[in-house]
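Chain naming follows the written order as A, B, C and D, and within any one chain the residues start at number 1.
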Amino acid sequence: MSSTSIGLVLLGAPLMAFFVALVVFRKNHLAAMMTVLLSGAATCASAVFLLATKGGTPAEQASRAWIHAGGTSIEFGILLDGKTLIMGTVVSVITLCVQVYSLSYMSHDPGRGRFFAFLALFEWAMLSFVYSPSLMQTFVFWELVGLSSFFLIGFWYRKPSAIAAAKKAFIMTRIGDVGLFIGLILLFQTAHTLDIQTLNTMSVATGNFDSGRIELITLLLFVGIVGKSAQFPLHTWLPDAMEGPTPVSALLHSATMVAAGVFLFARFHPLFMQAELTLTVVLCVATFTAVLSSTMAMVASDMKRVFAYSSISQLGFMLMGLGAGSLFAGYFHLTTHAIFKALLFLCAGAFIHEYGTNDTVAIGRAGARKLRVITLGLIIGGGALAGFPLLAGFFSKELIIHSLHDKPLFLAGAYLASFMTAYYTFRVIFLVVFPNQDSAVQVEEPPADSHDDHHSSSLPLHAPILLLTVGAIAVGWFGDSIASVLGLVAYHPSLPEMAPAIGVALGGILIAWFDFGRKSAPQTGFISKLAPLHTLFKNGWYLDVIYKKLFVGAAQAVAGLLFGTENHVLDKASDMLGQGTLTIGETTGKAQSGRLPLYIGLAALCFSGAIIALGLEMMR
Amino acid sequence: MSHPELFCPEFALLLGALLSFACAAIGTKARTAWLVSLAAAIITVGTSALALPYQGHPFATDIYAVDSFSQVLKLGISLALAFAIAISQRQDSTRASARTEVHFFFYLSALGMMMLVSATELLTLYIALELSAYGLYILAALHRRERLGSEAAAKYILFGAAASAISLYGISLIYGAAQTTYIPAIAASGGSPLLIAGVVLTLAGVLYKLAAFPVHSWAPDTYQGAPHEASTFLATASKVAAVGLLLRVLSMAGGNTEHLRTMLIVVAILSMSVGNLSALFQKDFKRLLGFSAVAHAGYLLLGLLSFSKLGAAAAIFYVLTYVPIVVCAFLVVAAVSHNGANPSIASLAGLYKRSPFLGLVLLVAMFGLAGIPPTPGLAGKWFLFSAVIDAGHLWLVLVAAVNATISLYYYLLVVKAAYLDPPGEYPDIKLSPTYSITAFVSVALVVFMGFYPAPIWSMASSAAAVLF
Amino acid sequence: MTLEGALLLGLMLFSLGLYAVLARRNLIGILIGIELMLNAANINFLAFNYFIPTDPAVAQIIVLVVIGLAAAEAAIALAIILKLYRQRNSVDVDAMQLLRSTGAEASNE
Amino acid sequence: MSELPILSILLLCPLVAFLVTLVLPESKATAIKAVNAVAGLVTLVLSVIVWAQYDETAGGYQMVEDIPWVADLGIRYTVAVDGVSVVLTLLNAIVFFTGVLSMWTLEKRVKEFFAFMGLLVFGVFGVFISLDIFVFFFFYEVAVLPMYPLIAIWGSTRKEYSAMKLTLFLMVGSALLFPGLIALFVESGGQTWNLVALSEPGTFSEGFQIFVYPLLYVGFGILAGMWPFHSWSPIGHVAAPTAVSMLHAGVLMKLGAFGILRIAIGVLPLGAAYWAPTFAFMATVGIVYGAFVAMRQTDFKYVIGFSSVSHMGIVLLGLNTLGIDGTNGAVFQMFAHGVMTALFFSAVGFIYDQTHDRDIRHFGGLVGQIPVASSFFIVAALCGMGVPGFASFWAELLVFIEALRVFPLLGIAAIAGLIFTAAYILRVLGQAIFGPKNPDWDHLVEPTAWLTLPRIILIAVLLFFGFAPSVMLDMIGSVTGGK
C-alpha cells in the first residue's frame, strides 16, 4: 500500500466514523461500535507508518493543493516525519484506548451515540492536525479540535456548569487562536509559504527572516500555544473543562489536545530557536505556570482537578524543555506524559464511576483500594508523574531539568514544581490507598461526575488501564528509539546530574507520606496551616474572579455601551430624522390653510420678489 | 386654412363637444350622453394617434404649429380625456342635475389644451389658456356636495384669474420688449431684461396650470373639492398641456436662461419639498394626490430648467407616463368612493380583499408615483435627473432624490392601508366592466412603459427635437 | 405722456388691482381687483403699441380679445360666487374654509 | 445569437412564476407553492449550468446578450456573467429555492406572498447579471421594494414600523445612487451606460472619482448593512417572515456589496483607493460593533441581525482592501454568509413558527427536545463563528490575510472581533439550545421531510465549499485574477 492510501485510511476512517455516528446517533450501540472499529483502523495505519520508518529517514509528504491565496497554493495532505509519526501514534493509540474504555464507561448514557461521534470528530481533527504538512492545515484542525473539545466538555448539555465550562474553554482558547492566526498570516506574508518543511528549512538558515519580525511572529504563535496548552494567563479554562465526561478529560484535556500547543512549538522548533526574546518569554511563562498550577493542585480536593492542574504544570515542563532548546526533552516528556496522564484520568474515571463522587477523600473512604487493578494504575501513573525513578516520567523530566542546567532561575522553578508535583501526586495516592476514616477532613464537593449508579468493572474498562500502566512503566526506556525517529541523539544524564531531581521528588513523596500516608496522619496537608496561602491556592489565586471582574466585566460594559448607542443614538437618530420630517410636513401642510388671500399673497410675494431680484441682478 | 387634415384631433374634439352639447340640449339620459362622449373620446385618441406624424402650419401666419411636439402632447391630452370620461361612468360624485352636461366641459377644456400646445403666438396662447381653464372652472364646481364644489371652484377661478392676469401683464411686457407676438420671433429677439421679466411674470399662469410653487395652493383644495372625474382630468390633461405651454414660454427667453434657470431651480425645489412634506399628513386621498401633484410639478421642472433637448424630452416622457399612473390612482378613488364622498386613506382599508384587482391598480399607481419599477416612474426620474446632471446640477438631483424618498413614505402609507389594514365593515367592491377595462388598460400601459420605455422615449425625444 | 408714464400708470393700476385682490374680503371685490389687473396689462399693450411703431392692429386686437375673455371669465366667476352665496348667504372669502389641511376629513363631514 | 439565451431564461423564471401566481386563484395555495418551488428548482439548475458553462480560464464577461432598450439614450439590455455574478446567481437560486420550501406551511395570503417574493427574486437576478447601469438600477429597485409588503403583511414584531424604516433607509441609499450613477454617464460623455466601457481606465479624472465614489459607496453600502447606516437591517430581520429574512440577509444585502464591487470600485478605482482607509475603518467598526451589540440582544433574530452587520463588515473590509485575496474573500463571504444566514433564519423560523416566541431566555435545552431542528441552528452558529469546515472560514481567512497586509491595525481589530463573535454565538447556544430543559417546549415536533430538505441543502452547500474552497475561489478568481 502506498503511503497515500494508508494516509487516506488514517484520516478518512475517523471522519467516516464521525458522519456515520452522527447520522445514526440515536442507535447508540451501532455508533459506538462503528467508531471503535474505524478508530482501530486509523490506529493501525498510524502504527504502520511508525513501524515502517527507520531512524533518520527523510520526511515524506503526500498532499494536494487546497486553496490559492497570496499568489501561492496551500496544501492539504499528510507529512510523515519523526515528530508526526510519534505524536500520531500516541494520539491514535490513546484515542483507541479511551474509546474502548468509554464503551464501558458510557455504556448507560442515553447520548453516547453523540459522544462517540464527537470522539471520532476529535480523532479526525487531531490526526489531521498532527500529520499536517502546512501551517494552514495545522490551523484549520487546531480550530476543529477546539470545536470537538467544546462539544465534548458540554456533552452533558443539560448541566449549566458544563455548558459554561465549554463556553469558557472555547472563548479562552480562541483568544489564543487570534494570536496564532495573526502570527500565521504574518508568517505567510513574510515567508510567502505555509509549508512546514520549507518554513523550517528556511528558518534554520539564518538571514532569511528579519529577526524582529521573527520575534513578533513567534510571540504571536506562542499566544496560540498559551491558549491551547493552558498556560498562564489563559490556563483557567482547563480545570473547568473537567465538567466533561472523564474519558474526554483523559483524551483531550490531558494527553493529546492540550499538548497540541506543545506539539506546535516542537513543530516550529527551528523557527523559535531564532527568536531569543520569545524563548525567554516562553521559559518565564512556562516556569511560572508549572509552579502556579502545582500550588493549586496541592490543595484541590476533586481528583480530576488535581490532575487537571497537574496537566497544566506538566505542559509547562514540556515548554520549559523546548524553550531551553532541547527538542528531545520536551518531546519525550510530551510522549510519556500523554501515556501516564491518560492512565491517571482513566483511573480517576473508574473511581468516580464506581463511587459517584469526585472527591479524593470520599473515594478513599469508600474503599477505593479494593479496586486493585485501578489502584495499581493510579500508583504507577502517579509515580511516573512524580518522577519516581525508573518510571516513564522520571526519564523525561530528568532531561528537561538537565536542559535547564545553565539557567539557575528556571532550574530552581523546575525543582520547586517537581517537588510539589511529587507531593500532590502522592497526596492523592495516599488518600486513596490509606484512607483515614477518622480524619477531620470534610468531603467538600457534592458528587459531580456520577451520571448513573451503574457499576462496571468489565474488560473494556480494565484493558486500556492495564495497557497504559505497562506503557507508563516501559516508555521511559524507549528514549533512544524515540530520539532516533526524531533524528536526534538522546542525552543520558549521569547519576550525579540526576541526584538533585531524584532527591526533590523523593522529598516531596516523603512529606506527602508525613501529611497523608502515615497512620494517624492529619490528611489536611501542610498548606492548610498557612491559612491565607491555602485560601489563595484553593481559589486558583483568584484569577478566575479577577478575569471575570476585569475582562468579562469590561466586555459586558462595552457591549452595554454599544447596545445603548445602537438603541439610543443610531437607531434613535434615524427615528428622529423621520419624526422631524413629519413635523415639518405637518407645518407646511397646516400652512395650506384654505384662505384664498394667503394663497394669492404667497404667489404675489414670490413673483414680486423674483422681479425685484431680477432687477437688482440686471443693475449690477 | 390650407391643410384642414392637420386639425384632425381638434376636429374630433369639436365633434365630441358638439355631440355632448347636443345630448345636453336634448336632455338625454346621463348614461347615453356618457356613451356618446366616450365613443367620441376614443375616436379622438385614435385620431390623435393617427395625426402623430403630421407637420405643418394650418394658417397663413405662423400662429399655430402642428409638429411632433404638439402632436405628441395632443395624444397625451386625448388619452387623459378618454380616461377621465371613462372614469366618469360612475358619476356619483357629480351633481345629479349636471350629469348629462358635464362632458361638454371636458371637451371644451381639452380643445383649449390642444390649442395651447400648438399655439406659437402670444394671443393664441392666451386665448387657449383661458379656454382650457373655463371648462375646468365649471367642472370643479359640480361636486355633488355643493358647498364643497362651489368652494373648490371659487378658489380655483379666482386664483386662476389672478394668475392669468399676472401672466397677461407679463405678456404685455414681452410684447413691449420684442414688439412681436410670434414666439419664434420673440425667441430670436435676443432676451432683453424686460423680456426676461415678462417671461417670469408669464410663468405665473403657466406654473398655475402645472400646480407648481408658489401658485400651487389651489391644487389640493380643488382636487379635493372637484368631482372625481374632474380631478382626474385636472391632474392629467392639465399637466400635459402645462408642460407644453411651459416649454413654449421658456423658449421665448432665447439664449438668456441664466436667471430663469436659477428661479426655476428654486421653484422646483420648493414645489417638490412643499408638495411632499405637506402630503405626509393628509388623510383625504384626493387631497394627498393634490399635494403629490405639486411635488411632481417640481420633478417636471427639473427637466425644463435644464434648457436642453434631453431635459425637454425627459419632461415630456415624464408627463406622458404620469398620465396612466395618475389615472390608476383616481380610478381607485372613483371606484372606492361611496355616494360620491371623497375616500379617506383609511377607507382604502382591506382593498386587497374587497377587490384584489383594484388593490393591484392602487399598488401600481403608488409605485408609479414613487418611481419604483416596473413602472415608468423610475425611468422618468432617471431621465430627468440625467438632464439635470448634464446641466451641471448634481446636488439638485440629490435634493430631488431625497424628496422621492420622503414621498415614498406617504405612498407606502396608502399601500399599507390597502394591503395591511383589515377591511373592517367596508363593503366589497364590484368593478363595472368599464372600470375593469379602464383599469386594465392603464395598468397595462404603465407596466409596458415601465419595462419598455423606448417607444415613449422616442416620441418624447422627437417632440423635444422641435424646440431644441 | 411718455412710454414710461404710461407703463407707470399700468403698473399702478396693476398694483391697485393686486391690492384689492389681497385685501378685499368680498369675493366680488376680489373679482374687480382681477379686472383691474387685466386692464393694467391692456394699458401696457396699448402704450407699447402707441410709442413703439409696429403693426398698430396687434395690440388693439389683443386688448379687444382680452376684454372679451375677461367678460367671459367674470361671468363664470360670478355664477360660481352666486352659487356660493346661495349656499352660505355670504360672499366673504374667509368663509371658504371647508377645503383646508386640518387633518380632518373635511369632505366627509 | 445562435446560443440559448440562458441568462434571460434564468431571469424570466421568477417572472413567469410571478405571473402564474397572479393568475392562479388564492384558493389553490398548494399549486402556487408548487409553481414557485418548481421555478426555484429550475433557477437552481440553470445557475448550476451557468456555473458549469462559464469558462474560468477565459474569465471576463461571458454569455453576453445585448439588445438595445432605449436606444437614443444608449441604454441597452446587456446581460452577462463574470465569476462573481456566477457565484451570486447561484446563491440567489439556492436561497430562492430553499426559501420557497421553508414557507411551505404558509397559510396567510399565499398568493400575494409568492407574487412579491417572485418579483423580489426577479430583481435580484437582474442586478447580478446586468452590465448596463440603468438596467442594473432598474432591477435593483425592483428587488428592494417588495420587501415592504413582505415584511409589513407577513411579518411579526412591529412589522409596519420596521418595514417602513427598512424601505426608507434603502431609498435614502437610492437617493445617493441616483446622482452618483447618472454622473458616471454624463461625465463619460453621455454615450454609454455600459459598465465595461465605463470601467476603461482614464474615463474619469481622479477628482471626479474622489467626489462621486462616496455617493456610490454609501448608497450601496446602506443596503450592505454598512455601519453606521445599518440600523434598518436588524429591525427588518426581526420583523420579517422566515423566507423574507432569508432573502433579505441572504441575497438582498449582497446586492449592496455587489454594487460596491462592480460599480463603485470597478468604475472608480482611484476614488476607491482614496477612500479605502476611511471605509475600511468603518467596516471594521461594524465588525466589532455588530458583535458587541449582538451580545446583549435577547431576541434570536436580533442576534442574527447584528451578526449580519458584523459579517457584512467583513465583506466590506475585504472589498476595501482592494487586493486580490481581500476581494476573493469578500465575494466568498457574500456567498457563505448568504447561505449561512439563510440557514440561521430558516432554523429560527422553524422554531418560531411553533412557539411564537423568539426570546432566547425563554428557551433551554432545545437540542434535547428537537435535536434535528436544533442541529440546523448549531451548524449555522458554527459557520457564523468561522469554524473551519464551513465555507465562511475560508472567506474570513482571505479577508483577514489581505486586511492584515493593507491595514494592519484594522486587521488585528477585525480578527480580535472573532473572540466576541464566539462570545455572542455561544451565549445563544448555551442559553437556548443547550442548558436545562424547559418543559414548556416539550410539545415541539421535528421538521417534516419537506422542511428538512431546504436546510440540508444549505448545510451541504456550506460544507461543500468548506471542504473544497478552491472550487469557489477558482470561479471568483477568474475575475480578480486570484488564481
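What we mean here is this: a residue touches a chain if its C-beta (ideal position, glycine included) is under 8 Å from a C-beta of that chain, and two chains touch if they have at least 3 such contacts.
Keep in mind that what you see is a predicted model, and the values were worked out from it rather than measured.
Taking A-D and A-C together, the chain pair joined by more C-beta contacts is A-D. The chain with its CA mean position farthest from that of chain D is C.
Chain A and chain D have Cα centroids separated by 36 Å. Annotation: 62 Å between the Cα-based centres of chain C and chain D. Work out the mean CA point of chain A and of chain C, and you get 93 Å between them.
Centre-to-centre spacing of chain B and chain D amounts to 41 Å, using the average Cα coordinate of each chain. The multi-chain contact residues of chain A, meaning those touching 2 or more other chains, are 578, 589, 591-592, 594, 596, 600, 604. Each of the following residues of chain C touches two or more other chains: 18, 21, 30, 96, 98-101, 103.
Touching of two or more other chains is recorded for residues 168 of chain D.
Chains touching one another, given as pairs, are A-B, A-C, A-D, B-C, B-D. Of all residues in chain C, only 7, 10, 14, 17-18, 21, 27, 30-31, 33-34, 37-38, 40-42, 44-45, 47-48, 52, 54, 58-59, 61-62, 65-66, 69, 72-73, 76-77, 80-81, 83-84, 87-88, 96, 98-101, 103-108 touch chain B in the complex they form.
Per the touch definition, chain A reaches chain B in the complex via residues 578, 581-582, 584-586, 588-589, 591-592, 594, 596, 598-600, 602-607, 610-611, 614-615, 617-618.
Per the touch definition, chain A reaches chain D in the complex via residues 65-71, 139-141, 143-144, 147, 154, 157-158, 160, 163-164, 166-167, 170-171, 174-175, 177-178, 181-182, 185-186, 188-189, 555-556, 558-560, 562-563, 566, 570-571, 574-575, 578. Residues of chain D that touch chain A in their complex: 165, 168-169, 228, 230-232, 235, 289, 292-293, 295-297, 324-325, 328, 365, 367-368, 382, 387-389, 393-394, 397-398, 400-401, 404-405, 411-412, 415-416, 418-420, 422-423, 426-427, 430, 433-437, 469-470, 473-474, 477, 482-483.
Listed in rising order, the residues of chain B touching chain A in the complex are 154-155, 158-159, 162-163, 166, 193, 196-197, 200-201, 204, 213-215, 217-218, 220-221, 259, 263, 273-274, 276-282, 291, 406, 409.
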